[in-house]
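Each chain carries a letter (A, B, C and D) given by its place in the written order, and its residues are counted from 1.
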Amino acid sequence: MSEHQDILHALQSVLEERKNSDPDESYVAALYAGGADKILKKIGEEAAEVILAGKSDDDEHLVYEIADLWFHSLVLLASRDLSAQPVLAELARRFGVSGLEEKATRSKQN
Amino acid sequence: MSEHQDILHALQSVLEERKNSDPDESYVAALYAGGADKILKKIGEEAAEVILAGKSDDDEHLVYEIADLWFHSLVLLASRDLSAQPVLAELARRFGVSGLEEKATRSKQN
Amino acid sequence: MSEHQDILHALQSVLEERKNSDPDESYVAALYAGGADKILKKIGEEAAEVILAGKSDDDEHLVYEIADLWFHSLVLLASRDLSAQPVLAELARRFGVSGLEEKATRSKQN
Amino acid sequence: MSEHQDILHALQSVLEERKNSDPDESYVAALYAGGADKILKKIGEEAAEVILAGKSDDDEHLVYEIADLWFHSLVLLASRDLSAQPVLAELARRFGVSGLEEKATRSKQN
């Protein structure tokens, strides 16, 4: 369970570190250096790839393409000094779910 | 910290529950009923909205649109009985980060 | 032959006329009133529909969706007081084809 | 006037010729060889570029990106042995415009 959350945190750390990397040696640093348009163009490309993967039966391929789409979303957020946290908070708000409440519920069940 | 992970888990539960909901009463159930094309079309729409939001300085708006994009990705995954877990695992694999390792590192630091 | 060219001209006239129409009564006028973002969002949506149609064998459906994509491109151009003319000129430039030269060639052949 | 129509015809001829070209030497032949997914992915990319160009004031850039989008639409059509003709016919049908009628009208005016 905690693995997921930790992955997002670990990724965030990597994305922050890359702000000091050489664009010639780091793909993420090259995206930052390319500016918003470069990152946004990638989001358009990856969305098209998700749509195409969504038309095939290959689950692994779909997961791979969604990972690409989410990854570039995280780069976009990081480029503006944002993280996945407010995105997940917005999702929680919409669906009336709360990590803390859910956790409490599960604790009672166990 | 655990809040994030719990939000994804709680959302997953909601998306599973909606498989038994009336498409006339639940937006998610209507997406499932519409089939892959309906969900994939939404992913294209939301990607366009992220690109447009990415051109403005409004962080809140950007977060909102990325939440929309991720949400429809989760619906797509759920429609194929998949969750966010393999997506995060793929991201972890690429960046050589592991929730468990990262967690262990942080535990030592604290 | 001349039909195609005349269609683009006729469409251009319609798009110009709609600049004076009531957004409540004309779809095109509503797009203009919505501004660039509204038109650009539609281009993203229609591109997703073309991708989905491109995965089916239904030629008629594909033609319909490409017509939608081109139509919204023409609305975007018209909203900036541009027409299809420079777009076609750019295509001609790239491929080393020229309407006039091509016409001359064909005239010789007939 | 006839230039536009002739450009589309000339382009169509080029796209047909490329079906016999070496994918290593012709970009269009490489697209055909890549199959529908390769062409459809490009349509997604070019749509994202149109959206980004639509947010700038550079008309020339916008025209360039729309030319890219239309070009890949024409490649998609050609890959299925279709042309721009039914697309323009669909647009004419929707807007109640007809090249022939429009031409007749203009002839009377001149």
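Methods note: a residue touches a chain if its C-beta (ideal position, glycine included) is under 8 Å from a C-beta of that chain, and two chains touch if they have at least 3 such contacts.
Just so it is clear, the structure is predicted and the values come from calculations on it, not from any experiment.
Chemist: Return the chain pair with more inter-chain C-beta contacts, choosing between B-C and A-B.
Modeler: A-B
Chemist: Measuring from the mean C-alpha position of chain B to the mean C-alpha position of chain C, what distance in angstrom results?
Modeler: 35
Chemist: Just give me the whole-number Å value for how far the CA centre of chain A lies from that of chain B.
Modeler: The computed centroid separation for chain A versus chain B comes out at 9 Å.
Chemist: What are the residue numbers in chain D that touch two or more other chains?
Modeler: 40, 43-44, 47-48, 51-52, 55
Chemist: Classify the inter-chain contact topology: is it line, ring, star, complete, or other?
Modeler: Graph shape, chains as nodes and touching pairs as edges: complete.
Chemist: Provide the residue numbers of chain D that touch chain B in the complex, in ascending order.
Modeler: Chain D residues touching chain B: 44, 47-48, 51-52, 55.
Chemist: Which stretch or stretches of chain A touch chain B in the complex?
Modeler: By the definition above, chain A touches chain B via 1-11, 13-14, 36, 39-40, 43-44, 46-48, 50-51, 54-55, 59, 62-64, 66-67, 69-71, 73, 76-77, 80, 82, 84-92, 94-95, 97-103.
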